[in-house]
Every structure is written in structure tokens, then in C-alpha cells.
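After the C-alpha cells below, expect a handful of questions from me.
Letters A, B, C and D name the chains as they come in the text, with residue numbers starting at 1 for each one.
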Amino acid sequence: MEKLKKFVDGKVFQGVILGVILLNALVLGLQTSKSVNAAAGDILSVIDTVCLCIFIVEMGLKMIAYKFFGYFKNGWNWFDFIIILTSVLSGVAVFSSFRILRVFRVFRSLKGLRGFKMVSSLKPMQVIIGAIGKSLPGISWTALLLIVIYYIYSIIGVTCFGEAFEDWFGTIPAAMYTLFQVMTLESWSMGISRPVMDVFGSAWIYFVSFVLISSFVMMNVVVGIVVNAISEVAEMNRKDEAEEVGTANIKEEIDAVKDHLAKLEELLDKQTAK
Amino acid sequence: MEKLKKFVDGKVFQGVILGVILLNALVLGLQTSKSVNAAAGDILSVIDTVCLCIFIVEMGLKMIAYKFFGYFKNGWNWFDFIIILTSVLSGVAVFSSFRILRVFRVFRSLKGLRGFKMVSSLKPMQVIIGAIGKSLPGISWTALLLIVIYYIYSIIGVTCFGEAFEDWFGTIPAAMYTLFQVMTLESWSMGISRPVMDVFGSAWIYFVSFVLISSFVMMNVVVGIVVNAISEVAEMNRKDEAEEVGTANIKEEIDAVKDHLAKLEELLDKQTAK
Amino acid sequence: MEKLKKFVDGKVFQGVILGVILLNALVLGLQTSKSVNAAAGDILSVIDTVCLCIFIVEMGLKMIAYKFFGYFKNGWNWFDFIIILTSVLSGVAVFSSFRILRVFRVFRSLKGLRGFKMVSSLKPMQVIIGAIGKSLPGISWTALLLIVIYYIYSIIGVTCFGEAFEDWFGTIPAAMYTLFQVMTLESWSMGISRPVMDVFGSAWIYFVSFVLISSFVMMNVVVGIVVNAISEVAEMNRKDEAEEVGTANIKEEIDAVKDHLAKLEELLDKQTAK
Amino acid sequence: MEKLKKFVDGKVFQGVILGVILLNALVLGLQTSKSVNAAAGDILSVIDTVCLCIFIVEMGLKMIAYKFFGYFKNGWNWFDFIIILTSVLSGVAVFSSFRILRVFRVFRSLKGLRGFKMVSSLKPMQVIIGAIGKSLPGISWTALLLIVIYYIYSIIGVTCFGEAFEDWFGTIPAAMYTLFQVMTLESWSMGISRPVMDVFGSAWIYFVSFVLISSFVMMNVVVGIVVNAISEVAEMNRKDEAEEVGTANIKEEIDAVKDHLAKLEELLDKQTAK
């Protein structure tokens, strides 16, 4: 069992798996080309199936090595498990007629991120990613605020422009998609706002206010993340520096000096008393 | 009275109101769909009216609990009051023919932000929002600067391009809208500038300079907000750290040491004098 | 003379001038409207001329108050002088046929920035503006780098695409304008790159590389300004803090303690010697 | 040899070379104009060849001055070498029929960056550029992450939309170019997404998710660079400040004070013992 664990976590095994992931990604890429598919489609799908089998075996070995429940304690293992599950399900789907599900096999390439995670271990960058990760829950309220804003604007949009512009504001989902496009500033004016303004003269209030509000909210998000990341990194640096320079225990040092002085005073008092 | 206050501020009451807000938002959403409206339009408008009544009762209870003037001391209560007022007015408008005013009922969904405010109480994010809020008056001068720039450019635009491009530069408000579009960089070149340049060869000076100036001003705004937020957060961190490490009163400590020494010197002087 | 200086720098005089600036800006705005011009065009141009005369008198008074050379020591006065000079020249141009020069009168509205400068005196924002101002010469090398990049890319553009796309890459200035548009990401792909790629298959290298390089350079500029402004503000804060907390002269304090100790030692040595 | 070195690194020589670079850049620009080419094309190409010869002589002199291997120890010299090599090769190509290679001569203008490097020596900016340079390897993982995301999305794109939209999603490279365009937000909705959605109703999931993911990754890159640059500059400032204020050796100072005190105590003990 311990031996299996060592083997599974060893560099050789992980290197082979990374190689299979890259091969599988290449095969998935080649399968999109019609000419390649016509010439060697059968071989490619065989390789693809073999790769999937190797991944299943890898998962099985890890499950045995870590016992079934230990396996699922690692987030990356869940990640693997779900990817392989969807791959197998989409493999079954090939025989049925849901060919679109085959696309989900592509996510197997994401397995590569795991191997890649091991490579990248530059410390400062990890601090920043950690800081961004920490600030995400803090900005979740912004997501809620955006949803409320989107909802209100899409209801107004559907009510006011829905009949005249079926494509853009026909239903609430359509209006939300249009608002997302406006938020990215893509063709918001020439494409959407000006045609709407030709019918409803004061529609500019709707679009300009949405552009301003959504830009302001997004700017808040970015500023929040930058500031959080900076203060997190600064915090870390400050601790390092405090230890190195020794300012952290200046007070203790001065207290020690005071103790010395108190002793001296006592000695002198005794002498004088003599 | 105190009992009513407790009830009104209690979790049960606020939970129910939040539920009503969500229900009302859902109803407002469903009313935009023609098919749903045809099937159950009457029920929806009844629910909508009931929700509005509940909000009015809520407002009434709060007014009684906090006495009339105490109610208006809270900014969120003003917010509520205005939303319900516009809702009632737009409700009256339904019977008359200003159907467009019905849209204002949507703003009732904003009441949800109040309940949401209670949920989000992550400290770091509040510091950042506070810092952004503080820096807003500081950047109000940028708003004024932008208005002056917009005004000058729109007068130039109307004077030079007004006759040839009625839609974009016909009047000062039209030119301002066009300049806002140019500032967001949306179709500024292919959509606006190139057609204008086909008529007025040197129009590129106008558009390129406006893009550069407005980008620079907006960058200043963003940099200003980022820097303000960072120095605000840094200020807070520094105070925390100073207290924790005790560097804030190093001088006092050293003064205490000096006092000790002065006493010692005095003692020694006495001894020597003896 | 001193009296005149006081009057010219007084609040009453400056308030009146600010009022005239606003009135003049309003008149310039109204003159763009055909219907207003038809109804009251004569009155408006009379008011405009009167405003210009008031500005000339203001400038004259200031020149007398500060003597001729003292007047030109202030940057804002140069600003005024140039604006009024162009206004007078464009006024003369009205009688001749260069009507386009009349537009330069609009810049008189910029005089308002001067009065506005007095209003805005929020300290933190001024620090940031100062920091941005300071970092501008530091990033001038980026401007040079951008010019070299633009020049090389426009020569390549004209040589490769010039004949097929006369409008976009016919001459070097045209190519530079097109590249500026590409840098702002406006219609760079659907508008410019895809049509060019239909003729020259590998044109994507040209456009994608330019988008990446120019984005990277612009990002450097923004990062440079942000970092400069932050370190400038942090520097200021640190000095404030150092003074307040008294860490700046800790070493001196400790030296004083040492002097005390040296004296004590001397005393004790004397005693012991006795 | 030493004399040649001094001459080659001297201001006169470098000034002349910078002048030749500017002249060459001007000639390359003029050669793009048909009318100029018709009038003085021969002269221009002679000047161009002369400039290239001067550059070759310059390179030769430097190689002699620094000996052959010393020359290649400097990165800028490699830069020069490659530019001149491509120029010579493209010059040869003129006689053959690969006229397109002539364009590579333009890169000679980049030699100007070398002279320009000497001019720009503003310290703060160099720190920032250094900081950005340092953070680049740290964000290389983001580049890898982006490649994985691009690859997966392009395979999905080709599989799902490839047949219906040959131009945008026909092959993997085409899909990658389209995704790059979507990442820059250029016409992503009106140009690409909406037409695709007309055929495949749920294509919005594909595009919206890609816009969100790629924006998030790019934001991480920018935040990472900003934070790195700031903490680098802050680190430098802190060291400067520590030296200046003398906090760096506070502990040593206090230790010195303690030593003094220990001596005093000893003295007193001796006295008391007497």
C-alpha cells in the first residue's frame, strides 16, 4: 500500500500521465480537422479511448493507494473524478445520438493544470493569487449588486423596448445578454443604443446610466482586488522586515534596559544608605 | 412602542419583508412575459398590489415605532419612502394612461439591497468602499474638468460637423452623446471618425485628441481612487501595527529611561559630594 | 498700484470674471443652434464681443498691477494671454473669410479652469496630481518607444497592404491613424484585420503582434503612473508619521542616553579612584 | 586596440551612428511614397545601401575593439547583429524575387532604441521596469493557463460551430484568432456571438463564459504586475528610509546601551564590595 502510494506520487508516474494528457489533447485537436479525420480517424479514436482507459486506471490506482475516502479529501482528485466521469458518460453518448456531449472530453486537457501546478511555485505570485482568492468572497456582494442592477434594467428594457426590439429586449434573458454586451462596451452605441433612440428618443438615459453604473461597479471590484492584494503582500513584507530589523521587540529591549537601570539604582541606594 | 420597535427590527419581520421583496421582484419579472401575462396576468397584478400594500404597512409600522421624525433620520428609510411613493404614484398612473410610469415599480427590487446590506459585513471590503466614497469628493473636480472638455469639444463639433452630420453633431446634446460614445471607444473610428474624415480631412485631430485627453482624465480618476484606497487601508494597517508592536510610544519609553538616568546621576553627585 | 493688485486678486473681481466666463460659454453654446441664431443672433454676437472686451480689460488691469514682466511669470497668465490672443485673431478672421477660426473662441471657456482651480483645494488629490505630473517625464521614454513601434509598423503596413487597402494603409499618416485605432481595439478585427486577412493570409501576425505590443506598453505606462503615485503618497505619509511618532530621531535619543551613561561612568570612575 | 575601444564607445561615434539611424528611418519612410519613389527612388536606395554599409562597418569596428567573443557578451550587440544580418539577407533577396523580405530592413530603426536607452536614465522608472521584468516569469503560468483555455475553447468552437461558421471556427487556428478577438471584446457580440446564436441558441454560454474567464485571467495578470512593482519599489524605499533614519540598527544601539549599563553595574558592584 505504502509502495503503491510512493509509486503513484512519484515523478515517473506523474510524468507519464502528463505525457498522456498532452497526447490526448493533441488527438482531440487533430480530430477537429476533417482531412486528418478522413485519413486517420479510426486510429485517433482508438488512441483517445486508450488515453481515457489510462486515466481510469490512474484514478483507480490512486483510489486504492489512498483508500477510497482519502482520495476524495483532495480537491484536485474531485476535479479528476468529475472530468473522467463526464468523459465516460460522453463516451457512452457516442453510441447513442447525443454527439454534442463528445465535446466534454476536451475538459480532460484541464488535467494538465494539475501537473502544471507542480511546476509553478514562484512564491510572490502565489501570495498574489492567494490574496485575490481571499478578496473574492469580500466582493461577492458586488456580484449580488450587479444581479439586482441587471434585473431592474432588464425589466425596464423589456417593458419599454421589448415590443419594438424583439431580438435585443424581447425577454428578460435576452435583455440580460444585451446588457452584458453593453457592459463590455461592445457596439453599445452604434449597434444598440442609437437604433433604440431612433424609436424612443430618451433611451439614451437608459444606456448611458447603465454604462456609467456598471463601469463604476466593475472599477470598484478591480480597485478592491488590487488594494486587498497589495495590503496582503505589504502585511507579509512588514512581518519579514520587522523580524529582520528587530523593531518588533524594541519595547522588550527598552524594558530590559529599564530593568538594568532599576538594579543600578537599588545598588546605589544601598551604597548611599551605608 | 418599545415592543413594536423590537418587532420591526427583529429578524422574523425583516426576513418576511425580504421574502416579499423577492416575490415582488419575481412577479415584476413574470409580468414582462406575454404568455405568462395572458395566462395569469390578473393573479400577478393582484400579488403585485398586495406586495405594495405590505410595503406600505411596513413603512407605517416603522414610522410609528420610530415616531415620524425619527424614521426620516435613517438614509435607508428615505430610500424606502421614495421608492414606495413612486410606486403608489405609478399605481395611480395605471388608471390614467401613463403606462410607462408602471416601470418605476421595478425600483422596489432595490429594497432588497437593504436586507443585503445586513448580510455583507466583511470588514476589509467596507474599508475599501469607505475609501472610495471618501475619494469621490476629491475627484469631483475631474467631473468638472470633463464637463468643460465635453462642452468645448461639442461646440467645436456642432460648429464644424453639425451641418454635414445632423445625427451625430446636429445639436450640443447630440454631440455630447457622440463624445461619450467616443470616450468609451465604441466604434469611434470606423463608426464616427472615418465617415467624418471623408468629408473633413483633418477631423482626425478632433477625434484623436479627444480620445487621448478623455483617456488621460479617466486614467487619472482610476489612479486617484486606487491610490486613495491604498493609502487609507495602509493608514489603518499602520495604526494597528503601531499599537501591536508598540513603536508608537518608543519616544516615551526612551524618555522614561532618561529620567531613570537623571535620577542615578543625582544620586551619584550626592555621593561624590559627601 | 498695490490697491489695484488687491482689487485684481480680490474675490469680487474674480467672481465677476468667472460669471463673464460662464455667460460667454453659454452664448457660445446658444450660437450653435440655428433657431436661436435666427431669432437672436445679433444680440448673442454683441454679448460675445462684450465678453471678449471684458477679458481684454481684465488682462490689461493685471498687466498694469503686476507690471508687464511680472504678469508673465505666472503660467496661468500665459494661458490667458494665448487664449485671448487667438480669440482676437479669430475675431479679425470673422471679417475675412476664415470662419473656421471662430471656433477658437471656445477655448475661452478654459479660462474657467483657473477660477475652478481656486475652488478645488483638497489636499490628497493634489498630491496624486502632483505625483502623476512628476511621473510624466519618467514615462516620456514610453512615448518615444511607441513612436518607434508606430513608425516601423506603419512602414510595414504601407509596404505590404498599401496598394490593396488605399484607405487604411495608403500613406504613412493613414497607417498611423489605423494603428491608433487598432491600439484602442476599436473594430480592429472585424473592421480592419479580417478584410486584410482575406487578401493577405498571414496578416494576423501583423495585427495580433501590434495589439499585444501596444497593450503591453500602455499597461507599463499605467502601472508606472500608479506605482509612482503610490510611492509618492506613501513617502509623504511616512514623513508625517515619522514626525508624529518620533521615530525619525530615535538614534539621537539613544545617543543622548549614551551620553548620560558615559557621564555616569566617568563619575563612578572618579569615585572608585578616590 | 584600447584607442579603438574609446573611439567606438565615444559620444562622437555614437552620435554619428544615431544620426545615420534616423536618416535611414527617414529614407525607409520616404520609400513608401510612390510619388517620392518615382522622383528620387534611385537616390533613396543608394542612401539606404550606404546606411547599411555604415552599420556593417560599425559592427566590424566593435567586433575588432571588443575582440570577436567580447562583442557577443552584450545583449544589445546580439540585437544589432541579428538586425544587420536580416538586412543583408533581405538585401540579397531584392535581387531575387522575395521582395517582401525588404520590409525587414525597417527593423534597423530599432537600433535607435539603443541610443535612446542611453538618454533615458530616470531612476524611478527603471525600478518599475525592473519590477515588471521581474514579475514576468512569475506570470508565465498565466500564459500557460491562457493557452489551455484557448485550446479547450477552440476545440469546442470547431466541433460545435465549425461547419456553420467556416470563417470564424473552421480550423483550430481560425478559432484561436476569433477567441483572441473576443478576448479584446472587439465586436464579440454583434459581430460574432449574435450571428452564432441565431443558429445555435445556447452559444451565449460559450461566449459569455469565455469573456468572463479571459477577463478574469487578464485582470489577474495586471493586478499581479501592479502589486509586484509596488512591493518592489516599497522594498527599495524602505531600505533607503531605514538607512536614513537609522532604524535598521536600533537593536545594535540598544545593545551598546546595555553594554554600558553592564559595565556600570560591575563598577558599582566592585565599589560595594570594597
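Rule of thumb we're sticking to: a contact is a pair of C-beta atoms (placed from the backbone, for glycine too) under 8 Å apart; a residue touches a chain by one contact, two chains touch by 3 or more.
In this text, all values refer to a predicted model and were calculated from it rather than measured experimentally.
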item: Identity of the chain that, by mean CA position, is farthest from chain C; value: A
item: Size of the rotation, in steps of 5 degrees, that lays the CA trace of chain B over chain C; value: 90
item: Same-site or different-site touching of chain A by its copy chain B, using the half cut; value: different
item: Averaged-CA centre spacing for the pair chain D and chain C, given as whole angstrom; value: 27
item: Geometric centre distance via CA averages, chain C-chain A, whole Å; value: 39
item: Touching two or more other chains - residue numbers and ranges from chain C; value: 185-187, 191, 226, 230, 234, 247, 250, 254, 257, 261, 264, 268, 271
item: Footprint of chain B on chain A - complex, ascending; value: 135, 137-141, 144-145, 148, 151-152, 155-156, 158-160, 162, 171-172, 185-191, 194, 204, 208, 211, 219-220, 223-224, 226-228, 230-231, 234-235, 238, 242, 247-248, 250-251, 254, 257-258, 261-262, 264-265, 268-269, 271-272
item: Chain B residues within the chain A interface of the complex; value: 25, 28-29, 32-33, 100, 102-103, 106-107, 109-110, 112-113, 116, 119-120, 122, 124-125, 128-129, 131-132, 167, 177, 180-181, 184-187, 191, 222, 225-226, 229-230, 233-234, 237, 241, 245-247, 250, 253-254, 256-257, 260-261, 263-264, 267-268, 270-271
